[in-house]
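Below you'll find the structures, each written out as structure tokens.
In the two complexes below, subunit A is the common chain; its partner is subunit B in one and subunit C in the other.
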Partner chain A sequence: MSLLSWEAALALVLGALYGTLFGSIPGLTATLAVALFIPVAFFLDPIIALPAIVAISSVAIYAGDVGAAVARIPGTPASAAYAAELHRVAQARSPMLGLGISALGSSFGGLVGTLVLMAGATALATLAMRFSSFEYFWVAVLGLAAGVFASGSRLLRGLVSLLLGLLLSTVGVDPTLGYVRFHFGFSWLLGGLDYIVAMIGLFGFSEVLSHLWQQRARRVAVPPGAATHPIRQFFAAPLRLILRARGLVARSSFLGVMVGFLPGAGADIGAWIACSLQKLTRRGPPDDERVVLAGASSNNAAVASAWIPALSLGLPGDTVTAMVLAVFMMKGITPGPMLFAQDMTLIWTLYGTFLVANLLLLPACGYLSARMAAQAVRLPLNLLISIIAAACLIGAYAINRNPVDVGVMVGMGAVALMLRRYGFPLAQVVLGMVLGPILEQHFMVSAIKSNWNLLSFFDRPVALVLMALTLMTIIAGVRLTRRRLRRGDQAGTVSPDSAGLSSDTSSPAGGDASAA
Partner chain B sequence: MPVLSARNIPGLAIILLAGLVWISSRQFPTLPEGYPGPALFPRVIAVLLLLAGARFLGQRTAGSASSDPFSWTSLARLGGGLGAIGVFLLVLPQAGAGWAAGGACLIMAAIQRIGWKQALVASTVTGLVAHLMFTSLLGL
Partner chain C sequence: MIRAWGLLLPILLGSCQPAAEQAWPNRPITLIVPWKAGGGTDTATRALAAVLKDELGQPVNVVNRTGGGGIVGHLALHQARPDGYTLGAVTVEITMMHWTGLTPLTSDSYTPLALVTINPSAITVRSDAPWQSIDELVAAIRASPGTITASGTSRGGIWDLCRIGFLQAVGLNEAAMPWVPSQGAAPALQELLAGGVDVVTAALAETNALRQAGHVRVLAVMSEQRLPVAPEVPTLRELGIDYASAGGWMVLAAPERLPGPIREQLQSALRRALVKPAFRDPLLRAGFRLRQLTGTPLNIFLEEQDLENGLLMERAGLVSP
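And then the complex of A and B:
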């Protein structure tokens, strides 16, 4: 059986549709979609099961952006980096255009990731082997630095949001020493706060609370022409943008691959660095479409590159590839260097699947989901808010089947409402929650390993390179932000998180002019 | 400008939070030979929050909030929103997650004074889709 058989083709198409459905519903993630598919995969030939998993994960990661376009609820921590920009593009131009940029950007990013996977899987996997806790610590620091500068000119607010996220990540059992912190006697806090639940509260439910608090009746302003020429808006306009910004797509995809193959939070960090770099190096006025393009291409490039350590070394790059390794084991396949020598049919089937998923399935399923999103934003705002509230409640509950998570989600929504009123960005809170445990664990492990000789953080060549990149990011970020503020350019930095579902939301005054 | 003005609320709140984190972290144990243990990371965050809060207090425009004046109507609508969450949690064990979401949707629609026909259709469709997706397919 091969990828060209009708069974494999059907598995690819069904997998992509299933991934679209799961990815676009708040609370249902690519990981959950793959997890639910595993029992089915057990009964399938690996040549069918593995391509289906590739299709599910590639499309579900993109479909997470549908929630961001309609209701500003990002599907993954990586897409939180550009959720506000995507929502603004969907509102100001059209959801078809916003999701078209996201889908085609993801498609190009996925292709770059696949080509790197095909060309240099073993070499990159060997590089990944050289990463110890010291290097991972610096990767996390680099991601955090990029996160602060992704907040535009509001550096101080971005930093505070990031610190809040880091603080929330300390709730529960300490990742290194096993001591329970900040649980206030509640057993349900022992496991910490789930960042997907937090994301639904921060982005989705805060929108509901904000809407309920507003006194005046608001409407979604559907831009004129948003409903016309959907194919042109979804395919032609984004393709033109990609051709104009091909350097940006290449750079972002490369970043997604280079950071994404690191086991852990590689994909998230890659997208944040790509978005931050685009915001810092832009010439002229802020361009939300380019930020979405940078984030989406980096995000999906990392999906393919997460397979590099899985195939070459048998190490999971993320949760999806961890489950793929379980499928390998179930089928009696041993991943690692020998796999490339013994079962090239399977390897080439996987490569082919990535190409088909990114070239055909992602744009096709993306178009379908964008059409649905375009219909959703045409609903009256009061009705849309009611449906979003229901989706937030069931999404938060569905993750762990725990009613307490609903309370956590509502609490995070209330915190987000206060943060938004004072102009604090929300996406940085999520980044802090995701990178906090990685940062702390690798710092503590490294410090204990070196008997608290902190100079050992600067001993290793790769760690030094990463530290230099972090310093360069900080210095360049501060200089560019200062230059912009001197020019009085704060456009695009005011109210990205306050710009809610309506077009007439008032923006919080005040920037961090002096903070930069 | 008085220290306790509305403009300074974020800065003061951040400093207060930093203080609470620092005080709570005093209960955490240290490692043998006096090396910092689980308290290290929260304390570093507390110090950085303290510095950021102090910087906020020093800024003229730091605490400007969006201008949505307080009103009892807004408060009542928020209370209604909490009611919808209550309905969701109450209906959840009996009817499953799907119909509980439909019930919450209905309450939210009622709070926002959507026409009853539209509200009923929207909540029924939401409940049905959620029931099929979450209860039938995922067994929630």
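And then the complex of A and C:
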């Protein structure tokens, strides 16, 4: 059986549609979409199951941006990096345009990721093998630095949010030595706070709460260009932007690939670095469209490259590939060079699927979901809010099937309400929670390995390069931000996080933030 | 609409009632897995669910209840109703967690039904490491204690205990080959490849892909017999080191006080299910060991494991007073 068989093609299309529907609903995440499919995958022929997983994960990651465009609720920690910008584009111009940029950007990023996977899986896997805990530590630090500078001109607030996220990530049993921290005697806190659950609460449920708080039935201002020329807005305009910003797309996709292929580093870091690089190096006024383009392309480039260590070393890069390896195991497929030598049909099926998913399915499903999004923003706000509330509750429960997580989600929503009231960005909290455990664990492992000789962090050449990159990011970031502040160029970065479903002027939270 | 509900509601409620007059099982059965989807326990449980379904004539659904280092899922199974409709995977951690005082749960908190998999530890080194055999590795540790490091999971996890047991058997103390904690086998193998640690003691099922790819060398397995997936790798016993350990294992269990008739029915269904090729073949190929163990021998196995692991944890200074 091959990719050309109708069963495989059907699995691909159905997977893409399922991924689109699932990912588009704020609160339901791409990880959850794949997790729910796995029990089904165990019973399918791998040549059908794997294309379906590829289609689901490629499309669902993009579809998460629908929630960001409609309601500023990101689908993955990576898309949190540009959720505010995407929502602004959708509001100011049209959801079709915003999602068009995100879909075509994802498509290009995905293609770059696939080409790298095809051309250099084995070579890159060899490079990944050189990364020990020291290198991972510096990658995490680099991600944190990028996170601060992604908060635009308000560095201090971004830093505070990031530190809050890091603090929240220390709850529970510590990852290296097993000490229990901040559990206040509750056994349900031993496992720590799940960052997906926290993200749903911070972005999704806080929208619901802030609506309840204001208790005013408002209508969303329908963006001016929402209904006219959907095809031109979705395909033509973004394509022109991509052609104009070729370098940006290439750079961002490259970043996504480079961080994505490191097993366990979290594919999320790439998108953050890409977005913050775009914000730092831009000339002239802030350009939301380019930030979205940078983030979306690097986000999807990482999806394909996370398969590199999984296929060639049997080491999972993220949750999705961990599940793929379990399917392999059940089907008696052993990953590694043997797989490339013996089962080229499977490998080429995978490559073909990635190409089809990114070239055809992503734009097609993206267009469908963008049309839905364009309709969704016309829904009465009360209705939209109720749907979001329900999806948040379901999404938070379903990720671990732990009822306590629903409470955590609501609690994070309340925290987010306070943060937004005083103009602190939310995305950095999620980034802190994602990178906190990676940072801590690799620091501790490195320290234990070297008997607490902290100079060993500077011993290895790759680690030194990463450290230099981090320092350069920080120095360049501080200097550029300062220059920009002196010029008084703050337009657009004033209240990225206060603009919720409401327009800035009608919301008291927005007013406060821009005054601050 | 209301009329439709009037029709539907009795049906819905009826389906939820425990129909005492009908014989068990008359509705779907849930298997709780305390670990993430995609891990070894999850994979083995799903393979079991597929064959158990045919034996019981009811759908068998696998549900992952993760978090708290396995405590959440183990607790959920303990608190479930003992009606035979909620079963679950109980893993080696149940004989370890209570010693540290993290949870009061022990293997006595369940009705054990059958041993499903055994996942023995394998002593794995990089393929360019200087040690070709266990003897050479032991000699190197003896020559400069504390310089060769090992990893595989968190501190006090099962692969750490296997390391302590091995060191003890060759007459070395715990600090001779220090433990570098990791978040599981995959990150430990990454460290091994990158030269961050020298030895990994995780299961062969975890290292097998890298072994076949020629990136790592397995010096010995800690099981009592060689593993079918790697017949050329000797056991420690064969090499004259008197140590064998079950390593990681998984038992299918029900909550406490499961009625006797249901338990017997389940045990005989499991005995039939666990020998089916559809269950055995993929797991054997993946590097697991399978051993038939139910009833009293299983209870004895669990007690032995509890004592053995408790002793190793005490030696590692992990037992809370």
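What we mean here is this: the second predicted complex is superposed on the first by the 495 of 516 C-alpha atoms of A that agree within 3 Å, B and C clash if a C-alpha of one lies under 4 Å from a C-alpha of the other, contacts with A are read in each partner's own complex, and residues count from 1 in each chain.
Heads up, the rule we're going with is that contacts are C-beta pairs under 8 Å (C-beta built on N, C-alpha and C of every residue); 3 or more make two chains touch, one makes a residue touch a chain.
Just so we're clear, the structure is a prediction, and the values are computed from it rather than from any experiment.
In the superposition on chain A, contact of A:L177 is made with both subunit B and subunit C.
In the superposition on chain A, contact of A:L325 is made with subunit C only, not with subunit B. Legend: residue contacts after superposition of the two complexes on their common chain; A:M129 is shown touching subunit C, with no touch to subunit B. In the superposition on chain A, contact is made by A:L156 with subunit B only, not with subunit C. In the superposed model, A:P380 makes contact with subunit B only, not with subunit C. Of the two partner chains placed by superposition, only subunit B is touched by A:Y397; subunit C is not. Residue contacts after overlaying the shared chain place A:W188 against subunit C, while subunit B stays out of touching range.
Look at A:W452: by the touch rule set out above, it reaches subunit B but stays clear of subunit C.
Contacts of A:L469 after superposition on the shared chain: neither subunit B nor subunit C is touched.
Applying the stated touch rule to the two superposed structures, the overlap between the subunit B and subunit C interfaces on subunit A comprises residues 176-177, 401, 444, 448.
Residues of subunit A that touch subunit C in their complex: 35, 38-39, 42-43, 128-135, 172-173, 175-178, 180, 187-188, 190-192, 194, 263-264, 312-316, 319, 322-326, 329-332, 334-338, 400-402, 441, 444-445, 448-449. Considering their complex, residues 36-39, 42-43, 46-47, 50, 61-69, 71-72, 75, 100, 102-103, 149, 154-156, 178, 180-183, 186-187, 189-191, 193-197, 208-210, 212-215, 281-282, 285-286 of subunit C touch subunit A. Contact residues on subunit A toward subunit B in their complex (touch as defined above): 21, 25, 36, 156, 159-160, 163, 166-167, 170, 174, 176-177, 179, 181-182, 208-209, 212-215, 380, 382-383, 385-387, 389-391, 393-394, 397-398, 401, 403, 406, 410, 420-424, 436, 439-440, 443-444, 447-448, 452, 498, 505-515.
The touching residues of subunit B, when paired with subunit A in their complex, are 9-10, 14, 17, 21, 24-25, 28-29, 31, 35, 37-38, 40-42, 45, 48-49, 52, 55-56, 58-59, 61-69, 71, 73-74, 77-78, 80-82, 84-85, 88-89, 92, 97-98, 100-102, 104-106, 108-109, 111-114, 118-119, 122-123, 126, 130, 133-134, 138, 140.
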